[in-house]
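Paired with chain B in one complex and with chain C in the other, chain A is shared by the two complexes that follow.
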Partner chain A sequence: MSEQSVRASRLPRIPAVPLAIGIGILIGGLLVLASGGDPVAAYRAILVGALAPSNWPNTLNWAVPLVGMTLVAALPLRGGMVNLGGDGQLVIGGLVAALAALYLPLPGPLLIAAAILCAMIASGLYASLAAWGETRFGIPMLISTLLLSYPAIGIASYLVGFPLRDLTTGLAQTRMIPEAARLPVIAGPLNIGLILMVVVAAAVVFFDRRTVAGYELRMRGQNAKFAGYGGVRLASQQVRVMFASGAIAGLVGAILVLGSLYRYQDGALLTPGYTWSGLMAALLAGGAPLGAIAAGLFFAGLQTGGFAMQRETEIPRVLTMVLQAVIILFLAIRHGVGRKSS
Partner chain B sequence: MTIELEATGIVKRYGPLLANDHVDLSVLRGEVHAVMGENGAGKSTLMSILYGMQAPDAGRIVLRGTEMHYRSALDAIGAGMGMVHQAFKLFNSLTVWENVVYGMEPARGVFIDRRAAAAKVAALAERYRLQVEPNAVVGKLSVGVRQRVEILKALYRDARVLILDEPTAVLTPQERDGLFDIIRHLTADDRTILFVTHKLHEVMAITDRVTVLRDGKVVDRMVTSETSPREIIRAMTGRAVNLTVEKGAAKPGAVVLQARGLTVAADGGKPVVDHVDLSIRAGEIVGIAGVAGNGQTELIEALTGLRIPDGGSVAIHGVDVTGVDVERHRDAGLAYIPEDRATTGTALTASAADNLAMGFQRKPPLAKGRLLDGAAVTAHAKKLIARFGVKIGSEQLPVGTLSGGNLQKVVVARELSHAAQLLIAEQPTRGVDVGAIEFIHGQLVAERDRGGAVLLVSAELTEILALSDRVLVMFDGRILAELPVAEADEETLGLLMAGRVGEAHLKDGTEAA
Partner chain C sequence: MSLMSFITPSLVNSAVQSITPILLAALAGTLCGRVGVFNMAMEGQLLVGAFAAVVGSYATGSALGGVLFAIVFTVLFSLILAYGATVFKGDAVVICIGMNLLASGLTAYLLRQMFGVSGTFSDPAIVGLSKIRIDAINTIPWIGWIFSRQTVITWLAWILTAAVTIMMFRTPVGLRMRGVGEDASAAGTMGVDVLRYRVLTVLFAGGLTGLGGAQLSLGTVSIFSEDMSAGRGWIAVVAVMLGRNHPLWAALACVLFGVADALSVRLQSQGLPNQLTDVVPYVVTLLALALSHRKRLKRRAAETLTAHA
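After this line comes the complex of A and B, so read on.
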């Protein structure tokens, strides 16, 4: 009985995204207008700031961590799981990368590789802890991933605030990492972190479309009971997926520390809010990797454009965050309508 | 006898679906009236209309001679209707009396008169022999007692007509008997019971008359004492009962499925599956007959790896698979058509190709190492869709749009194409049209003739009798009897399914466990 009513009330999904973006732009424009600004100028500043060829490096540089954190959220989401612990995993990755770069006695390229690898493994293990807690003890991952972030952030903060602090500055941060451990620069602000992220994104898309494990994860997302009945080992799958998700967060942390900050600084990885923008982008695409990457790029453009708008006009960049929020809200309404009747 | 409640020409439409199509229902004062029908027949819709939760699109409701126009369930409650929902609506952290009087508290000024409230609830419980401690906290009570609290709630509001929606679905047999006693006390007090269920033996045991719904229409009205389970089934399903299956004699071979002392514990009390011994041989179909809720579901879960048994062992084709996951059961030679095709057997939002690939994804030709060969997945789906005659536009379409029979064909096609040693088929034709039933039955027999071992679980006696070579009767978590199909008839099985071994005239060669 309910099956049929679902079919009748489910609205087509594809137009939902452009519609939500349109409504977001409309509401944002009205806000600008109401506060005495010029919406056209504001949007032009955003567009130019994000998409003018001279601004590409900035946009891409912002997109690397944001798309990375999008994949962190999208991968578990593809299987119907939620990883809210991106912040903690990001911080662990960044800190471990900084420490490896500072203390491992290895020559240049090896040092970089080792630092990245250590960061990925550490964050991956930390994320799989939440998965293990759910499969073994039934602690919902939705809660545990989020809660596990706080001790990670707190401990990292303590470590760089006291035992590992760079005493030459007044800030809670480690010493600068050696030149040899810094990611090679491509051009301007861009470093090989961009290439690494492109490779990871391609790998996730390939995994999703072409591998047996990707198929099993997709089926879990569509109906976990069906996947279990069909012989997918749900518990070990959950741990593996969360390891991969955490490892990508670790990579993002490593890229930020080795590629642009050159040290681990308390709070520096979290202030831009990559985790939450990434989570929203992943939700926007329902976990589908290509869509999530596109959404991540869109948000990166929006946010970089926001900085430009703030410089060019008197309109604060918080407008772009409003846009982002409105778009998500309207998409959530559409999702909600479909969910409720099923 | 006077008519207590009469509904005439009730119509309720949800979009394209006609949930109630001119339903007429007439209930006498002081009777227990069963409303029966398969899932989706429109029982719940009708009850929610009678209880004022939904307004009908057309039709009238007359209660004790007065036409009613309910604006909400509160109006219906005020008029003397009561309903015990399948999922209880209780505050677990409050006491019994607090739950019962909630919304109608005896007051002393602005305060609740606690003593009067508790006393009133205790008196009510006493009067109808509902054994409940008024000061107990609801969250700590067993399911059966919580149901009594729900009944008390309705009685406290002086319900003259009480709707019980699948009341025994969650009860143990003992609790069910207790409920039947309560029902008898209620009808003795001239209260009327509407009993919604699809359990046949309960209808036979407790009700006076039966109204059967199918596809939103009333298809039959019967007096319980003048009808038989067989007639009710026929009315509910609309099937010709003589769905005979052409098959030769079985040639049983080696044992494929062996279970010893298999036990699934319940939360306190008697195990749901109680030391079951089973052995199914190659080339035979063994049917498990039983009223739903006697442990069949849990037994199958324990046999397939979906649930870890609390005791005993399972071996498939000589491989011990006790307590291992589904994949290792499948590796050992299990194919499984689950009871619920929509929640377990398929992913409704996924394509037919993806659905048909499940279970094959790790083996060639679908798998090439760790990669999935998309072309092979498509070819596999096309082949099965053609061979099993699934009516679907393209293998890329989601299966959620298929009819019940077609969706079941997707499940059957996938599981049979494993050509596994052991096939467990659970309610393989429930809610499936007659054409698909014949097809699926034919496939199950072909599976047997190919040398597969088939374990069939069905609530339909006709299906068990038509397909099985041996019949096991499950009652109260145990295999109560085992008999060759030649010696099984509906009456014997019916008595055994009700646990009445003594009355079932078991012949030689039949073992009563």
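After this line comes the complex of A and C, so read on.
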């Protein structure tokens, strides 16, 4: 079972993705129709909500964490590995960032940098724990990444519910972080997190295309045994890749806490479902970074559009999640996304 | 505090109840694994079953109607995996991830559109499963608590575990199933219709998981909550791994998780915060995985050279 991996190296043929999106829209429309709604009005509301110039900042703001979590999934996927533990890694990053911002005695910009760094290291280590478990003990990472999320979420929830709780409010959350630790705002809802994410995305694309390690990871994705015979040290590569993947999740958590929530709030990082949307975006592009980023932006637009749809037509925005799942399922079935090369 | 006062009969009773959905899902997983289809969509299948059971019970006014709905709709839902991973040669892992998300999104969507609520749906019109009272043993301490006052699905789950084990290892059908999983081309040469075996097994497994879903929403409570499968399907995946596709070993793993689950309930009643006690079953699961794989390390070199690709 430890070899249960997704070989996602091959890009889906060009027409496959638009076709899948078309099928998704069709099935979603039928679902809306069946539940007594007007599919045309629903899709118009999604389009306007996502693309109207006045809504761009919202879409971008939604895209920052979503593209981040897309990279979290895409990086291991490039090497045929699956990280299902984004939720736990996200929560650890957010909580560690909040605690660092609250308790580290550092001045402004240094405090921000330290909080982000702590979050990335903590989440990276937690993610590489799963990789270590597979290389050392043979525990399949596919399941251990997911299972590790539960203790992380539970313990974080306990910490902000009891010992670290802000007693002045009725909610399970930490105190507000100091002004100095908050990410500088660019405009409206957008903050420096956007720039950080662009840098990270560019770094991942560069890593994938221009570095030896990136080549080795792609080689592993094509054929792990061949990569091993070719001299790639698979075990240490797996731990390193998972550390990087987790660190990006930690960054996303830190950006959300330092940039928009200004405190760690129980459940606030998980309810939007960034992890799973990101995973689906990564799968849509077969793990290729540029494609994954594009898919992440597409899903971000879909979700901001979903808010508009819910407002205008009273069709629940969870419909967008159904659309995403249908698109992935269609691709997986019809065109064998990540079909094993054997 | 002595152990006996810690483990109470009602605790054992609730443990047996909480094992049922996991056991049925694990049984489904072993069946799929035996024919060579890796199924990790049980989380979504349980959710679909739980939702369909509530809809059926609400619409027909009978628990049986709910159970039938659960089975039918989970089998329909399982068509995606049954055909996607076999006839269409899609990657089972990707399909299962998609199915789990589809189940989560679709049930949440339908919950809002059909009943106009989000979060949890409860209504007096939802008829729950009744508990079977066995008068002869009902008053016997312990035994009465464990064997009486259980739902019919709990009984079925254990009977099915035995039946599937016998079917798998003692009947021609079971032999062919195992053949399909171990060496599909050899089985095909012997005249076994590999695709048909795979499709039908996955669909049958879907029915089992649907039954588990019905226990989830109509067994102890009569409600549906969003994402109420809450990781049980994933624990079942682990049980299948621990049991190495053997139904009895998988069932034993399920018992272990049931005990862990009951323990967490008990710790909570001792005053520990539920955020911490909820974690217990998952930690036990991880530990069990770590321990079982440690023992296999010696054989690992041989293993990686053969089998799964």
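The working rule: the second predicted complex is superposed on the first by the 322 of 342 C-alpha atoms of A that agree within 3 Å, B and C clash if a C-alpha of one lies under 4 Å from a C-alpha of the other, contacts with A are read in each partner's own complex, and residues count from 1 in each chain.
Assume a residue touches a chain if its C-beta (ideal position, glycine included) is under 8 Å from a C-beta of that chain, and two chains touch if they have at least 3 such contacts.
Treat the numbers as computed from the prediction; the structure is a model and nothing was measured.
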Taking the superposition on A as described, I'd like to know which of chain B and chain C A:332 touches: first, second, both or neither. second
Using the superposition on chain A described above, determine whether A:22 touches chain B (first), chain C (second), both, or neither. neither
Is A:229 in contact with chain B, with chain C, with both, or with neither (first, second, both, neither)? first
More chain A residues touched by chain B or by chain C? C
Would you sort A:138 into first (chain B), second (chain C), both or neither based on which partner it touches? second
Which partner chains sit in contact with A:188 here, chain B, chain C, both or neither? Use first/second/both/neither. neither
Between chain B and chain C, whom does A:216 touch in the aligned arrangement: first, second, both, or neither? first
Which chain A residues come up in both lists, the one for chain B and the one for chain C? 1, 3-5, 7
Could you pull out which chain A residues touch chain B in their complex? 1, 3-5, 7-9, 210-216, 218-219, 222-223, 225-233
The chain C residues in contact with chain A across the complex are 38, 40, 80, 83-84, 88-91, 93-95, 97-99, 101-102, 104-106, 108-110, 112-114, 118, 231, 234, 237-238, 241, 273, 275-276, 278-279, 282-283, 285-286, 289-290, 293-294, 296-297, 300, 304, 307-309
Within their complex, state which residues of chain A touch chain C. 1-7, 31, 35-37, 82, 84, 133, 137-140, 142-144, 146-148, 150-151, 154-155, 157-158, 161-162, 276, 279-280, 283, 315-316, 318-319, 321-322, 324-326, 328-329, 332-334, 336-340, 342
Within the complex, chain A is touched by chain B residues 14-17, 19, 40, 42, 45, 304, 306, 325-327, 329-330, 336, 338, 342-350, 354, 357-359, 361-362, 367, 370-372, 374, 400-401
